[in-house]
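In what follows, chain A forms one complex with chain B and a second complex with chain C.
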Partner chain A sequence: MNLVTLLVAGLANGSLYALVALGLVLIYKTHDLVNFAHGEILMAGGFIGFTAYQTMHLPYPVAFLLAIALGGLLGAVIELVAFRRVADQHHITLAMVTVGLSVFMKGIARVPFGTDIYTFPPAFSADRITLGSAVIAPQHLLTIGIAALLTLLLFLFFRYTTLGKQMRATQQNITGARLVGINTGRVFSSTWSLAAALGAGAGVLAAPLSLLYPDMGTNFLLKGFAAAVLGGFESVPGAIIGGFLVGIIEMLFGGYVSTAFQQVSAFFIIIVILFIRPNGLFGRRAVARV
Partner chain B sequence: MTMLSIRNLEAGYGSLKVLRGLSLEVPRGRVVALLGGNGAGKTTTMNAIAGLLPAAGGEIRFEDRELRGLPSHRVFARGIALVAQGRALFAEMTVRENLELGALAARSRPDIVALTEDVFRRFPRLRERVEQRAASLSGGEQQMLATGRALMSRPSLLLLDEPTTGLAPIIVSELGRIIRELNAGGLTILLVEQNVRMALQVADEVYVMRNGEIVLHGAAAELQNSDEMFSSYLG
Partner chain C sequence: MERLPWLRRGFAPVLCVLLVLLAQVADSYTQYIVNLALIYVVIGVGLNFLLGYAGQFAFAHAALMGIGAYTTALLTSRLYWSFWLCLPLSGVVAAALGALGALPAMRMKRVYLALVTLAFAQLVVWVLVNWNVVTLGTDGVDVPAPMLFGWRVKGDTSVFYVVLPCTALMYWLAKRILESRIGRAFVTIRENEIVARCNGINVARTKTVVFALSAFYAGIGGSLYALTLGFIVPDAFGLSQLVLHFSIVVLGGLLSLSGAAIGAVVLTALPELLRDLQALQEIIYGLVLMVVILVMPQGIAGLLKRWGVLPREVLARNWRALARETP
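The block that comes next holds the complex of A and B.
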């Protein structure tokens, strides 16, 4: 296999993992909670995009934005209905809530979509690009480009907007956030919205590369989780780089070693890395909360 | 004129009652100190005023409007800023970012540059550390930053919860001077302290509490040499 082909495909998958990891890290930094329903938010985004693009024949950018907007709304609703009243409970309890939410959302998706597997056509039907001996799919380039754009927007949001700064402040010290008059309830709601919007956007991008079915989220959750762990789980740049690494490692492993172990190769590399750096590539020392 | 008036305040943590009917008044333009031993309920009182801890009973009136039951951001919006024990800084952010956040949710649209400059004039050490992370500051500098951050919202009532804990004597007296200066500029201050000597020097009025109740109240000048003061404080 051609190295450039593999790298581009790896980067495309890696950008998706990075988006998933970003959503996980945002929730984790705010609530000390791993959101096990994040894969289902991605699935929901995929189906929203599919319905808008395939069934309702809306233009692709509209379908994409719609998935992001409804994904954000879904996040806010999840926070309001499932978390606001139990936010003070032990984080194991909260994690169980997300597990329940995951099963619930898969069940809901089966009502209109059954157990069928849907194909989501690429955004545009351009031919594959050949660069020397490398073959590059336009959908891969689109995925990398949009993921990069979303990451840049997120970075600008956290750096320059009042809400973004207040979200970072709440992540660092919730008492401090209350002391400076931040409405932390609104910050929680916004954080869920943002994380879910990123997840839903990743779902639309993921659907043409994988396939669309109610259980599709599990694999992305695992890879996104691996990416976040690799990056240290507290670090936004870590999540992005972790995502790229997981995507590229599994492509190269599949291309040069064996496709049989492609899906688990990234996890193997992560185990090795965590032996050497237990807190991840960008993690700080672990602080136990028991 | 009374700015903050607390009557029969009850608060606690779960089934543990810490405040059992606490009453005190903070007149506008004064420095009032709230003293007492460990576990007397001083921090609980401050947290209940600031809306960090829901009060179970009684009333907290600020400028003739009820505060009890309001969440912390609404209390803050009325013009009350708390400098908490432990400082609660944003550890990974710079001094500048910490100060900016102090103003972002303030009542009126703040002039952050002018407010920051004002804080730097009061705490010149912070100016030298402006791009450093809050976590890298010394204890005294962190206390200055926490106080400066609270001032960024231009509060009309400043609550200071044990600002001198763990600080060197020279920093303690500097902090005392700054409290007097802030008060001279028109700020009303409620100060919780373990350092009785410092509190008596800067405060106009003193309340002493024990087991969740006020046991002594008087002008600081009168209590300075009173045996009653020390016996009630020491229990």
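The block that comes next holds the complex of A and C.
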């Protein structure tokens, strides 16, 4: 396999992992919670996009925005119904609520879509681009582009908007944020909807590259989780770089070592990296108070 | 505050007798479910050591169960070793590999430990699938029925008479361990490692012990699982198995031995009742998990303790305050 081809495919997968990782990191930073239902939010986004684009024949950008909007709404509803009241419980308990949610959402998706596997056509039927000996799929470029755009928007949002600043304040010190009059409840629901919107967007982008079925979220959750941890789990740039690394490592192992090892290669690398840097590549060392 | 003391005294022996009576009348399918539930009691108790008592967020339990199951299945079917040797050996092999989990736990906390153990679990399943020469890959392994004093342990009722004493023994052992010095050391480590050190607890050794102990339970559970099913495949020990283990412990109640048992029974029976409808099964399973945790965050056992049906466990006091402080 050609190196450039592998790298582009790795970057495309990696940008999806990065979007998933971003959603996980955002929720972790505000709620101190690993959201195991994030893969199912991605799956929901994929199916919303599929229904809008294939069944209702809406144009692709509209379908994409619709998935993002409905995904955001879904996130806010989840936060309000499931997490508002139990936010101070033990983190394992909270994590289990998300596991329950994940199983529940898979069941819901199986009602209309059954156990079939759906194919989502690429956004446009352009030919593959050949660059020297490398072959690049347009869908890969689109994925990288949209993921980069979403990341940039997110960065601007956190940097310049009031809500973004309030979110960062809440992440740093929730009591302090409340003291200066930030409505932390609103911050919680906005964080969830932002994270879920990113996940749903990733779902629409992921659907043509993988396939569309109710269990599709698990793989993306695992890889996104790996990416987030690799980046340090509390660092937004870390999550993005972690995502790219996981995607590229996977592709290189798949191309040069063995395709059977591709699925687990990222985990293998991560075990090694975490033994060297126990708080991820960009994580800060945790300081414990007695 | 302790109501219903009569219910508690001699509860376990009565339960065992009831199960034996049930075995006389139950059909093969019911018996199979009972056997599974008993195995998941062992698994749940093992995970509760690690997750509930020692507070280590580790995700390798399903893989360790798989290692136990495969140790038994491969040694009995391919090398013709006796099952009665393989049963404890499965526990020991799993414990040895599980103790490795203590290595990352020395340096990493929470999500990092979770990911490393999850990665380890994925690698184990990958090895089981791809190391065809030894594990037969996705074709799976048949587990031959063992012999006991010339009596062949075949059929669900016979298996029950092997599983029940094992579960009872493991449960009793867990109770004794948690009441001992080492059991209190587990809880101290969860609350605060520095405080534990100040009180003369060897944190590294205690963590190794709890990881090995938990894995030992997973290995024994896996071995019994192989015996009960008679045929195992690598996929059985993947993520859905892990979700089941976590659900058992959290639904039953972290920090409660009886909780793990209750969770095991509920979560083995529930999916079986709805086994023909995958979508409905998932919807109900997910809903039950969410609602139970939201309504009673300390699990079913926590609720029963509040009602005075179950005895309060000294180690579990101040759970809510603790939950806020644990980093």
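Quick notes on this structure:
We adopt the following convention: the second predicted complex is superposed on the first by the 286 of 290 C-alpha atoms of A that agree within 3 Å, B and C clash if a C-alpha of one lies under 4 Å from a C-alpha of the other, contacts with A are read in each partner's own complex, and residues count from 1 in each chain.
Keep in mind that, in the parts below, a contact is a pair of C-beta atoms (placed from the backbone, for glycine too) under 8 Å apart; a residue touches a chain by one contact, two chains touch by 3 or more.
Bear in mind that the values here come from a model prediction, so they are computed numbers and not experimental data.
Legend: residue contacts after superposition of the two complexes on their common chain; A:L149 is shown touching neither chain B nor chain C. When both complexes are overlaid on chain A, the residue A:K165 reaches chain B alone and has no touch with chain C. Once the two complexes are overlaid on the shared chain, A:I270 sits against chain C while remaining clear of chain B. Judged by the number of chain A residues each one touches, C leads among chain B and chain C.
In the superposed model, A:N183 makes contact with chain B only, not with chain C. Shared-chain residue A:N173: touches chain B; no touch with chain C. In the superposed pair of complexes, A:V62 makes contact with neither chain B nor chain C. Of the two partner chains, neither chain B nor chain C is touched by A:L3. Looking at the complex, you find that chain B touches chain A at residues 50-52, 71-73, 76-77, 81-84, 87-93, 97, 100-102, 104-106, 149-150, 152-153. The touching residues of chain A, when paired with chain C in their complex, are 28, 34, 82, 85-86, 88-93, 96-97, 99-108, 110-111, 115, 218, 222, 225-226, 228-229, 233, 260-261, 263-264, 267-268, 270-271, 274-275, 278-280, 286, 288, 290.
Those residues of chain C lying in contact with chain A across their complex are 51, 57, 104, 107-112, 114-116, 118-120, 122-123, 126, 130, 192-195, 239, 243, 246-247, 250-251, 254, 278-290, 293-294, 297, 319, 322-324, 326-327. Of all the residues in chain A, the ones that touch chain B in their complex are 162, 165-166, 168-169, 172-173, 175-176, 178-185.
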